[in-house]
Amino acid sequence: MAENGKRPIRLGMVGGGTGAFIGYVHRIASRLDGDFQLVAGALSSRAEVAKESGKNLGLADDRVYTDFAEMARAEAAREDGIEAVAIVTPNHMHFAPAKAFLEAGIHVICDKPLTSTIDDAYALRDIKPANGAKFLLTHNYTGYPLIRQARELVNSGALGKIRVVQVEYPQDWLAVEAGDENKQAAWRTDPSKSGAGGAIGDIGTHAYNLARYVTGLKTSAVSADLDAFVPGRKLDDNVHIMLRFEGGAKGMLWASQVAVGCENGLQLRVYGEKAGIEWRQDNPNYMWFTEFGKPKQLLTRGGAIDGTAAGAMGVRIPSGHPEGYLEAFATLYSQFAAVIRGDGAEFEALLPTLEDGVEGMEFIMAAVKSSQDDSRWTPLGR
Amino acid sequence: MAENGKRPIRLGMVGGGTGAFIGYVHRIASRLDGDFQLVAGALSSRAEVAKESGKNLGLADDRVYTDFAEMARAEAAREDGIEAVAIVTPNHMHFAPAKAFLEAGIHVICDKPLTSTIDDAYALRDIKPANGAKFLLTHNYTGYPLIRQARELVNSGALGKIRVVQVEYPQDWLAVEAGDENKQAAWRTDPSKSGAGGAIGDIGTHAYNLARYVTGLKTSAVSADLDAFVPGRKLDDNVHIMLRFEGGAKGMLWASQVAVGCENGLQLRVYGEKAGIEWRQDNPNYMWFTEFGKPKQLLTRGGAIDGTAAGAMGVRIPSGHPEGYLEAFATLYSQFAAVIRGDGAEFEALLPTLEDGVEGMEFIMAAVKSSQDDSRWTPLGR
Amino acid sequence: MAENGKRPIRLGMVGGGTGAFIGYVHRIASRLDGDFQLVAGALSSRAEVAKESGKNLGLADDRVYTDFAEMARAEAAREDGIEAVAIVTPNHMHFAPAKAFLEAGIHVICDKPLTSTIDDAYALRDIKPANGAKFLLTHNYTGYPLIRQARELVNSGALGKIRVVQVEYPQDWLAVEAGDENKQAAWRTDPSKSGAGGAIGDIGTHAYNLARYVTGLKTSAVSADLDAFVPGRKLDDNVHIMLRFEGGAKGMLWASQVAVGCENGLQLRVYGEKAGIEWRQDNPNYMWFTEFGKPKQLLTRGGAIDGTAAGAMGVRIPSGHPEGYLEAFATLYSQFAAVIRGDGAEFEALLPTLEDGVEGMEFIMAAVKSSQDDSRWTPLGR
Amino acid sequence: MAENGKRPIRLGMVGGGTGAFIGYVHRIASRLDGDFQLVAGALSSRAEVAKESGKNLGLADDRVYTDFAEMARAEAAREDGIEAVAIVTPNHMHFAPAKAFLEAGIHVICDKPLTSTIDDAYALRDIKPANGAKFLLTHNYTGYPLIRQARELVNSGALGKIRVVQVEYPQDWLAVEAGDENKQAAWRTDPSKSGAGGAIGDIGTHAYNLARYVTGLKTSAVSADLDAFVPGRKLDDNVHIMLRFEGGAKGMLWASQVAVGCENGLQLRVYGEKAGIEWRQDNPNYMWFTEFGKPKQLLTRGGAIDGTAAGAMGVRIPSGHPEGYLEAFATLYSQFAAVIRGDGAEFEALLPTLEDGVEGMEFIMAAVKSSQDDSRWTPLGR
C-alpha cells in the first residue's frame, strides 16, 4: 500500500524471468513506495521459465503468460486486469509489447533504449494508445533528486547561458570477451537484439539523456568515433562523441564498456556563464555547485539548499543517509503512479517520455552514421 | 511478494503514525524485498492520528488499534493475525510493547536503543517469549554489505590482532535549540522519553554497536566525557569516550549532534597488526582495506573482492550502482524474515539481537556514570 | 649548493621581471634543490623594469641586461658566464632568445609552447647549438613522480595494449573578460603574442604532452572543435578534440578556460586491455591503478609500490607529506642539471625535449586547422 | 637571493648529516624562497660524517665543525659568521645547542619537540639570549596557508564560540618493529633520545600544537591512554587523549604510529556554535568550511575566499596548483627571515615560539602522567 493511502496500481511485467537483472530492479522499484502490486506477467517466452518465475513471484497461475500479446488481450478483458505493464526485455523486444499494451489501453513502463531500430521508434510514436494509456521510459538516472535539482538550477538561470557540457559513462565489465553464460553480455553485444548500437545504446543513451534532461539544450549535430576494442565484438564498446547544441553550447560524451577500473562512472558536468555543476552517479547524494569567483559548494540530497521543488520530490530520508540507484528508479515509478491516478501533474514534465525515447534512438543512429562517415557532423533525425 | 516465492509475513506496527520518521523507514524496509505486508497497527496513542494513519496505509478498519496491548491480544487471536510487529516508538515506549508481543508469541522488530532504562533492558531479557517468538534490534548500519565484509575480514584474520578502533558519528542537526514543532528533536532531548542518554543513546549506541559488530572485541571499560552544549539542553549532545577492550585493544568513540557541517558522518576505522579498514556511512558502497606495506585498496560493495559470503548477502545490484540506507535497513528485514520462516540459519549470527540491545544500554549507563565520575574508567554491566 | 656536493650551475633568465608569474616559478624551481644560482638576466625589455627586477633578485649591475642578444654575447664571453638560461617570456618571444643562446653554446630551459608559430618551431629544430648546448622544455607536469610511475607502468606492460586515453585540463579564470590589468590574461588572449592557439596552446599542449608522455602512443590524427565563448575573445577558450593514435587507441582531450568551478583540473586517465590508471594534478600525490577484476589501488607518491625507478626520481619526502607543483617543476630543473653536468644519463629519456615542443606546435596547428575545417580528421605535421 | 632583494641570511646547521631526514627538509625550506644561505655546520658528532656531509653541502672546510659549542663560539666571532642556526638533531640534543647559540647571539631555528625533558624546556625558557637572538620552533604544519586561514576564521568569530575540537595524526610506519638500519625509527623509539614520549612527542605534539594554533583555546586538563602495541617497544606508539579547554570546549586527540593504511593523516576539525572547519594535511590545499544550515564550502589555498590576510601569506602559486609540505616549511623560514631582518612584524604572531615548545613539553608530560594514573584528568604545567 502506498504511504499516501492510495490503492496500489495493478502491474504486469513482460520479461524479467529468473536470471534477468533489470526486471528484478523494476520490481523493487515498483514495490519500494508501495504504489504498485505485481499481479501478472509474461516473464519469459520459454514456458517453463515463465511458469517458475511466476510462481516465485507469487503470481496466480492464470496470470502467468508466455505470450505478451495474449497477456495484453486477457488482462485488458479482466475486471481486475493490470493497469500498467513494465517491459524489461532486450531492446528488440520493446516495440511489439509496447504497441500491444498501449493499444489495449494499458499504461506502459518501458526500459531504454526505446527500441532496437529507428523505424520501430517512429512507429511507436505514431501509435494511438487506447483509453489515454500513458508511457514512461525508465531513464532511471533522471530520478536522482540532485539531477532534478541540477535541472532546476539550469532552468532558474543560476548557471547563466550554458557553454560546455561534459558527460561520460565508463564501465569495464565488457573489457574482456564475456562468456556465453553471461546473459546480460550476450544480448547486449548481439546486433539482432540490441540494434545498431552497443555501448552507445546501453549506456551512451543514458549519458545523452541525462545531459539533455538537465540542460534542456537541443542537439544540432554529433561527431562520433565508435570502436569495438574487444576482438570479435560486433557492436561498439567505446564511444567518443563531440556535441553541438543549438545556441552555441558544445559538449563531449564518452561511454565505454572497456575502461578498466570503472564500474558505473556516469558523470555530468555543466558549465555556464555564471556557474558550474558536477555530479557523479556513484556517489549521487552530493553535487558540486560553483558560482564564478566563489568557493565550491557541496550540495547534498535534501540538504541545506534553497527552494528546489523538483529536487525535493523523491527525497525519502534525511541528508547524510544515502539513497541510491533503487530509490531513483522507484521515484520514477511512484511519480508515474501519481500521473496514472491523475494527481501527478507536477511530475509530468519530470518523467522521461516516449518522445525522449525517439530522440535517444535518433542519437544512436546519428552517432553510428557519423562514425561510419569519418566522424562527419551529423544532425539527429530524419 | 518476496522474490523467492515465499508468502509475505504479516506485519504490524506500533508507533509510526503521520509525521513520524523512523516508522516510515521501517515500512519501506519491510516492503523493499517483498518479505512483509503491513496489515495492522497501533500507529499512535491518539485515536484520531491512529485512525488517519491507518487509513493512509490501507489498513483494514478493524486492525487499526490505539492500544498496543489490545493489538497484541487481538492479533494473536486472529487466524490471519500478524506474525511480526515493528516497534518504532520513542525509547521509553519500547519495553512494554516488546514484552506484550513477545509474550503473545509474535516476533518483534524493535528500534534502538532497546529501552530507556537499564532495568527495562534487563527485564526484557528475562521475558519468556511464547511460541519461540524472535527479536530483531534494528541497528540498521549492520545491514550494509561492506560492514558485513569488514566483519568477515576481521574474523578471517586478515587484519591480524586488532589494536585500535576509531568510531565516530557526528551530526549537526541539534547544533541550535530545536523548536517545539520538531517532533524528532523534542523526544530525543527529553530524558523522560529518551532515558539517561541523549546523543549517546540516539547515535552513540549505533557507533558503539558497529565497532562491536565488526571487531567482535569485548569492552572492558569506558572513560567518558559527555556534554550538553546547547543552553538548556538536559541530555548530552556531544560524547567523547575512550574505550578499552579485552585483550588490549583500545578505541575512541565520538558522537555529536552539534558538529556543524556533519550530516550523518558515521565512520568506522579498525587497525590490526596486519591491515586496516576504513568505512564511512555517507558513501557506504566503498571501503578502504590496506595491508601493511601495500597500497590502499578500495573495496566496493559487491565488487572485485575475494570470497566474502557475508558481504554478498544483501547486495541487490551491481557495484557502481549505489545502494544506501534503506537497502541496508531492508536487508535486516528480509534476513529476519528468513529466520522467522526457518530458512535463515546463515543470517542468525549476522542480525542484531536483544542481547546486543542490553549491551547497548549497559554502554549508555557506563558512559553516563563515567562522565559523572570525572571520566573514571567504568566497566559495563552490573 | 646542491645536496650532492655539486657546484650550482650559473643561470640566466630572459623575461620574468617584476609582476611576471612563470619566471617566479622557474626561479623557485631552480633554487629548490640547490642546483642553480641565478646570476644574470634580461628580465624585461623595458630598461627600468629590468633594472629594478635585477636588483630585487640580487644580480650584479653588469649582469642586468635589457637585450637578450647582448646578454647571450656578453655571458658567453665571460669566464664566469651563465651556463644555462631560462626563457620565460610570452610565446612569441621564445624563438629568438632560444636561438641566440643555443648558438652561443648556452643550455636553454624554455617554457612551453615552444614557439608561437610552427615555422619558428621547425626553424628552432634546425639550429645547430654550439658546444653541445642542450634544451629543456618545461612541460612541468611530467616532473610529478606518479606521472613518471604511470609512464613506467605503461612501458612495463602492466596496462596491456592501450585502448582509451582521456585527458582534460579545465580552468575557469578566463570565464569572463579579463581586465587590462591582468597581464597573464592579456598576452594569452592576444594572437600576436600567443600564436594561433589560445587555451589549446596554454593548457591544451600540457594535456596533450602528458598523454603522449605517459602512453608513448603516436598520434595519427585529431578532430577538433574550438570555441571562443567570451564575447570579443580572439583565441579559443574551450577545446574539444578527439584523438586517434597509431595502433588503434582512441582518445579525447578537453581543455577549457571557461569551466566555472575548475581551477587547474588537469586529469589523465589511461585504459589498457589489462589495467587502468587515473591521476589528477590538483591532488598529485595519489594515483588510481586498477587491474581488471581486482580492487582499485591507490598508489601514493613514493609509497608502497613495486620497483618504479622512474617514479622514485624526484621524491623528496615520505608519502603522506604532499609535494606539489613546485617540486615537480624543480625536478625538471635538477635532473636537467645532472644532464648538463654529464651525470644524468638516466634522466635524458624523462625530460621533455625540443622535439616534444615541435610536436606540441604541430598539435596546435592540426587542431586549429581541423576546427576550421568542420572537425575533419587532420594528421600532425607538414 | 630572496625574491624581495634582501641579502640571504647566513645559516648554520647542527645535525642533518648524511642519512638524516629532517635536516634535508630544513635545507630545502631554507633555500626555497632564497632567504637563507647555508655556510656552516656541525652536521654530525662523528668527525668523518661531519666532514663528508659538509663537503657535499659545499661548506668551506673551516666552517665544518664536529662540536656545536665550538661552532657557536667560532661563528659568533667571525665577521661573516652565521646569523641563524637550524637545530635538527634528535630531541635530547636540542637543549644544549639551542642554549649555546642563543647565548652567542645567534638566532635559533629548532625542530620540535623543544627538548627531551620538561626541565630542559623550562631551563631553555629562562635563557637570556644575547643580542636579542630570536627563536623559531618548526611546527611546520602551521605554515600551511589554509591553517592560517582557519586560525583567522576562528579569530574573526566566523565559527562562533568553539565547542568541539577533533585532531588526529595517524601513521603506520612503526606498525612493525623497525630494524636497526632505520635511523629514523631507532632514536624515536629510544627514551634516552626522544624523552618520555614516543608517538606523543613525535606527532602528538604536532597535532596538539595545530589545535591550539588554530583555536587559540587554552587547555585545562588532559585524560590520556597511551600504549606501546609493538612488542618490546619502550615508548608509546598509540595515543588516545580527551581534552578539556578553558571556557568549556572539549576535544579528542589521536596519534598513532601503528594505524595500518595511514601515511601522515594529520587532520583537524573544529566545530563552533556557528560553523565548522575540516582540514587534512595529505591534501592541504583544500579546507571545508560550513556555516550552520548552509551547504559545505570547499575553500582552496589562495582561492575564491574573502579577505584572509594571514591565509594569503605563504601562497606562491595560483589555486589548483598544489603546494605542499616543503612550501609550508619554507614559509616558516622565510617569515622568520623577515622577523630577523626587522621587517616581519606581521609574522611574529604567526610563528611558533619557544613558549609553544614549552607548552608542547608540558602537554607530553601531562599526558604521560595521566596515562600512568589511569587516565586521570591532569592539568598542564607545574
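A, B, C and D are the chain letters, set down in written order, and residue numbers restart from 1 in every chain.
The rule we apply is simple: a residue touches a chain if its C-beta (ideal position, glycine included) is under 8 Å from a C-beta of that chain, and two chains touch if they have at least 3 such contacts.
All values derive from a computational prediction rather than experimental measurement.
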Joint neighbours of subunit D and subunit C, given as chain labels: A, B
Most distant chain from subunit B by Cα centroid: C
Of A-C and B-C, whichever chain pair has more C-beta contact pairs: A-C
Mean-CA-position distance for subunit C and subunit A (Å): 43
Whole-Å gap separating subunit A and subunit B, where each centre is the average of the chain's CA atoms: 34
Centre-to-centre distance between subunit C and subunit B (centres being mean Cα positions), rounded to whole Å: 55
Multi-chain contact residues (two or more partners), subunit D: 262, 289, 296, 300, 303
Contact footprint of subunit B on subunit D as seen in their complex: 159, 163-164, 166, 168, 172, 175-176, 223, 225, 227, 229, 238, 240, 242, 244, 248, 250-252, 254, 256, 258-262, 269, 271-278, 288-292, 296, 374-377
Residues of subunit A touching subunit B in the complex: 1-5, 7, 21, 24-25, 27-28, 31-34, 38, 55-58, 171, 173, 262-265, 281-285, 300, 303, 316-327
Interfacial residue positions of subunit D with respect to subunit A in the complex: 289, 293-300, 303-305
